[in-house]
Amino acid sequence: MLELGSLLTQFLNGATLVSVLILISIGLAIIFGVMGVINLAHGEFFILGAYTVIAADVLRLSAWWGIALAPVVVGLFGALVEVGIIRFLYRRPLETLLATWGLSIVIRQLVRIVFGVGYRASPHPLLGDVRVFGFTYPIYRVFLMAVCVAVIAITFYVFYRTDFGLKIRAITQDVEMASALAINTSRMYLSTFALGSALAGLAGALMTPEITVSPEAGVNFLARSFFVVILGGIGQLAGVLGGGIVVGELETLLSYLISATTAQAAVLVIAIIIIRFRPRGLFGG
Amino acid sequence: MRSQPARLLFAAGVLVALALPPVAGKYYTELLSQALIFGIFAMSLDLLWGYAGVLNFGHAAYFGLGGYLVALLAREVQGFDQSYLGYALAVLLPVVLAGALGYFLFYSHVTGVYFTIITLVVTMIFQLIVSDWYWLGGMNGLLGVPGFALHGPSGLGWEFDSEAQVYYVLLVVSAICYLLCRYIVRSPFGLVMAATKDNQERTEFFGYDTAYLTTIMFMISAGLAGLSGALYAHFSGFVSPPLFGLNFSTDVIVWVAVGGRGTLVGAFVGAVLVNLLKAIISDFLAVLWLLIVGLFFIVTVFFFPDGIVGTLRRTPWRAPRPLPRAASMREGGV
Amino acid sequence: MANTITRRELLKSVGYATGASVATLGHPAVLRAAAQPAKMGILVSLTGVHAIFGETMLHCAQYAQKEINDRGGIEGRKLDFVIEDDETDPKVGIEKARKLIKRDQVDVVVGSISSAMRNAVGSVTTKEKRVYLYPTYYEGGYCHDGVFITGAVPNQQVERFVPWIMENVGKTFYIAGSDYIWPRETSKVVRALVEKRGGSILGEEYFPWNTPDFSSLVNRVASTKPAVMYSLLIGSDSVTFLKQFHNFGLKKTTRICTSGVAEKEAAGLGEAGIGIVSSQSYFMSIDTPRNKEFVEGFRRMFPNEKLVDSIPEGMYNGVHVAALALAKAGSGDWSKLTKAVPGIRYKAPQGDIWMADNRHAALNSIIAEAYNEKGEFRIIKNFGVTPPQVNCFQ
Amino acid sequence: MSPILETKALVKRFGGLTATNDLNLSIDAGELRCLVGPNGAGKTTLFNLITGKETPTAGEIYFMGEAISRLPVHEITRKGIGRKFQVPNVYESLTVYENVAVAVHRLLPTPALFRKSVAAELGDRIAAVLGDVTLSDKREMPAAYLSHGEKQWLEIGMVLASAPRLLLLDEPTAGMSAEETKKTVRLIRDLSARRLTILLIGHDMQFIRAVAHKVTVLHKGQIVAEGDIGAIETNRLVRDIYLGKV
């Protein structure tokens, strides 16, 4: 009974969710891939991005300013965290895990103290529809997809076509070798962490009109990005794409057939079974 | 071998534990009872984390499973004593789940951080399922789990009503669990586990199936966690989805880290101390408590890696045995 | 920043209150002179997801406390609070309820938001024979000795609301809710009312907690074209859904009616909230001298609190009802107090309320529409008091 | 007499690199064989293939007549192949005694690992091993505190304690002083005299001269020469390989 229109909107809905998941997960994956650090405060970095938009609104700046500032603010914050905490815990991944979890609690409480505990709203930057083959779809969602594609393209370009990316890949392969080749690893780590944080902040800022903004909202997004990263294969840029597509489309499609909860449980079981046969994840090398 | 002062300290601890209820009053006795249950739970995590070097970031899944099983039995099965069946299943089901996960993960050489975040997602899924599945009580949880009771074969039975009775029962159960764990970690199996934690490759080259052995340790750990969950269900009379929560999973990590991982006793020390401290501090610092917890996490990692018991054990009265601080391959796992 | 300072002051006062209670610890009740303060345990979520309501609930309780003490306390006894944070975790709620009763020996417990928390706390208070007042609107059906409810049950939110919708908005409904007991119970009442009056329900769906994307639902609503979108999603899910509903431009054709949105949620919606019609027992904009007095007095005490909604008002009423019952019973004695609560009448900010024999409060049914992006509502119609209908099943 | 270890047409490729190329090696029971060859000749890869750490691209390995090349590490080890790594690979956080105990306990079935009493039963065996490697007086010391040479001996001791039929030694004297090397030579000769089959990788010609009966020379993953030490040392091809002419 699916007619073309609903099929198309359904596809676009799925594509939006996929874009969002990829935007949220890509920072997490980059940081893990390069540094071996799992940043449990990633959800809070995301929320900091959203609060940057709120803060911009309080300062009577438009939401576009908020979206532009968020990656800068959160990226700088990430750099601060790297210098203050992460730097001392290289090669101690479990300790990093604990420290970033502690950090996530601290950020949440600080956001609460500064912005208050309630839900916050800010004006929508881009209301309105576009017409696609005679059907309307919110223009902001189309914009989200475009940004996602751009972010992916830029990330891939940076990693595979620039000097910076070359050094990063050298470090990912073999840290000691990279150091021996006079690559300044600690500076590379710093920029990687800042970059990953900035991407989380950007995702948060972009999602502000579509989600609930409260200090506690970060954890849910953290859980989802873990899903994507585990399924796609940890530390793989392409894995994030694959994981995002699988999780997003499965959730959208399965929610037609079974409950979303069951769908998520099923995705996890499938992921674990896949890991038995492909320990590096579905799309891992 | 224990030295004189350590023995004295231990004996003093036992005496204090025995003499507490009349001094502490009803509320603190109950709080301590709860801390004992949490202590067993923390110890089960320590078995895996401290002795096998594998951190389960979703340990609450097994606790919650035990608790929910008991609550479901209490609701569904009437007319016969569910408590024994409850305990048995509360141990068995987590063991099976751990076995399955171990088979899928350890046998694929998934350890370290990778294992850790998968366990984290596992507990999130459990929380999702119990929150959203109506039959399991949903967000409202399950009410009406009976209290502790002991039933003999011929209608003989005791109900443990008063706070002090419950406390002593739990003290005995904790002691038994502790001795069991101590036996395991000091057995040749415990030694091989320690070896695996230190250097997995070398252990494999001695002919040990480390995936198999680690899975066994995981199963023991999960079973014990399930038991503590069952105890908790009887103790509180109520179970709800946050028992599976990420917060609870990280709480238990804090208890073990504070007490000192790889010490067993430390799990109890951490559970009792943190819960007591929280009860006291949150009286007048409710809003700041979480901030303190967060900072504490970070500070512990940096300045206090051995925990209380671990630090005490390095004091002069014991033979010095500092371990190299660099994490082993297994923990790194990257 | 001023916000933090008040919070610190608040914390100090809590510290003082508990300090005072420690001094009386251990004295048998008989030895306590009549002038000993009456003690109320206040259980709220100051941390975790429900802190959004918990903080205002606490402030409302404290404002009620101030009013009571300014008028000379309860029969000459000062009213003391012991405040505990349940951390939005029933596990902690149980522990704190036990503390309030066993250590602090409070006369009565007031508070908590979710049904899970009420179940947790209620299991302790009933066992320990202490009276407990629960202030939040919920699915109804919780009938345990000594647990009294000052929040609305479905019939109070819906009974007058649905006929009004059918007269003024339209007869075709689409229902969406969070997947748990309150939406399911409420929707049963809604469905019965709609079908009795010849309307139709075009769809009914439930969603797990923290659903990030509701676009599929929005599309289905768009294709079925109901006149009314009846939302029973709650908390952050409610905000997420209504934002996306707005972003898809559906508000032009379908009106949102809900019993799950009040001032706090509307504030998180901003412009997306404008036009939502909600049914609650209290709105901040009720235009009566009594409510004006309440809102102004409250704002004087807590200048940074912008919005009060029905849950904190229920808390405020709960404290007052508990105080009246304590005065009537003379002490926190279980058998006396459980008999004292039913029949208590109180002139609440929402209007007159009273405690019915089924342990629930007779509350006002009010319909209001959100009209600005600050989350403020305009009263459309106040139906006055609706008695609670409760079928015990919990 | 059939050989204890045999590789047939063994091939291992890593991407474009062929580390082991059509290798046919045969070791008799009780033999003390030495593997030599320049860096990158494929010596350690061969050890990895034999012990199951790597799976061959083609070919087969037979141990006591049984094909083993697709088995996991621990099962191959259980058939009686013990391996000592080049860099000392001991349990730094355990005591010397515990290190050996880990190796000894493998001889038990898994359930017996939960019987504490077995530790006492195996005490004599552990003590004997510690005596063999002259570490008896350091039994309670964490292995992290041993000198480099002591760690090497400890590891040899541990491998011996797990009762192998075939002992693989990867440059056992690397990083040892002259005195320590001498002691190690004595130990290896002693083991060989007890009819233990030993396959060792050596670098130091003097050491090889001191221990070996028969030498196999590897180059680019292939056997280029095999024979007793005298013949090998005068072999021109071998000389050219070492001088980098081939």
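As written, the chain order gives the labels A, B, C and D, with residue 1 at the start of each chain.
Basically, contacts are C-beta pairs under 8 Å (C-beta built on N, C-alpha and C of every residue); 3 or more make two chains touch, one makes a residue touch a chain.
Keep in mind that what you see is a predicted model, and the values were worked out from it rather than measured.
Under the contact definition stated at the top, the chains bordering both chain A and chain C are B. The chain pair A-B and the chain pair B-D differ in C-beta contact count, and the higher one is A-B. When chain centres are set by their Cα atoms, the one at the greatest distance from chain C is D.
Chain centres here are Cα means. That of chain C falls 74 Å from that of chain D. Separation between the centroids of chain A and chain B, computed from CA atoms only, is 33 Å.
Chain B and chain D have centres, each the mean of its CA atoms, that are 42 Å apart. Put simply, the C-alpha centre of chain B and that of chain C have 36 angstrom between them.
In chain A, the residues touching two or more other chains are 259, 261.
Taken residue by residue, chain D touches two or more other chains at no position, since every residue touches fewer. Shared interface positions of chain C, i.e. residues touching 2 or more other chains, are given as 179, 208.
Contact between chains, using the touch rule, shows up for A-B, A-C, B-C, B-D.
Chain D makes touch with chain B in their complex at residues 51, 72-75, 77-78, 82-83, 85, 89-94, 98-99, 101-103, 105-106, 108, 110, 112-116, 118-119, 140, 142, 144, 158-159, 162.
Of all residues in chain B, only 183-184, 186-189, 191-192, 194-195, 198-199, 201-210, 212-213, 216, 319, 321, 323-324 touch chain D in the complex they form.
For chain C in complex with chain A, the touching residues are 3-4, 48-49, 51-52, 55, 179, 207-208, 210-213, 215-216, 219, 223, 235-237, 239-240, 243-244, 246-249, 264-265, 267-273, 304, 307, 373. Within the complex, the chain C residues that touch chain B are 7, 11-12, 14-15, 18, 25-26, 46-47, 83-85, 88-91, 94-95, 98-99, 102-103, 114-116, 119-120, 123, 127, 179-181, 208-209, 394. By the touch criterion stated above, chain A contacts chain C in their complex at residues 6, 9-10, 13, 16-17, 20, 112-113, 116-124, 127-129, 136, 138, 140-141, 209-214, 216-217, 220-221, 224, 252, 255-256, 259-261.
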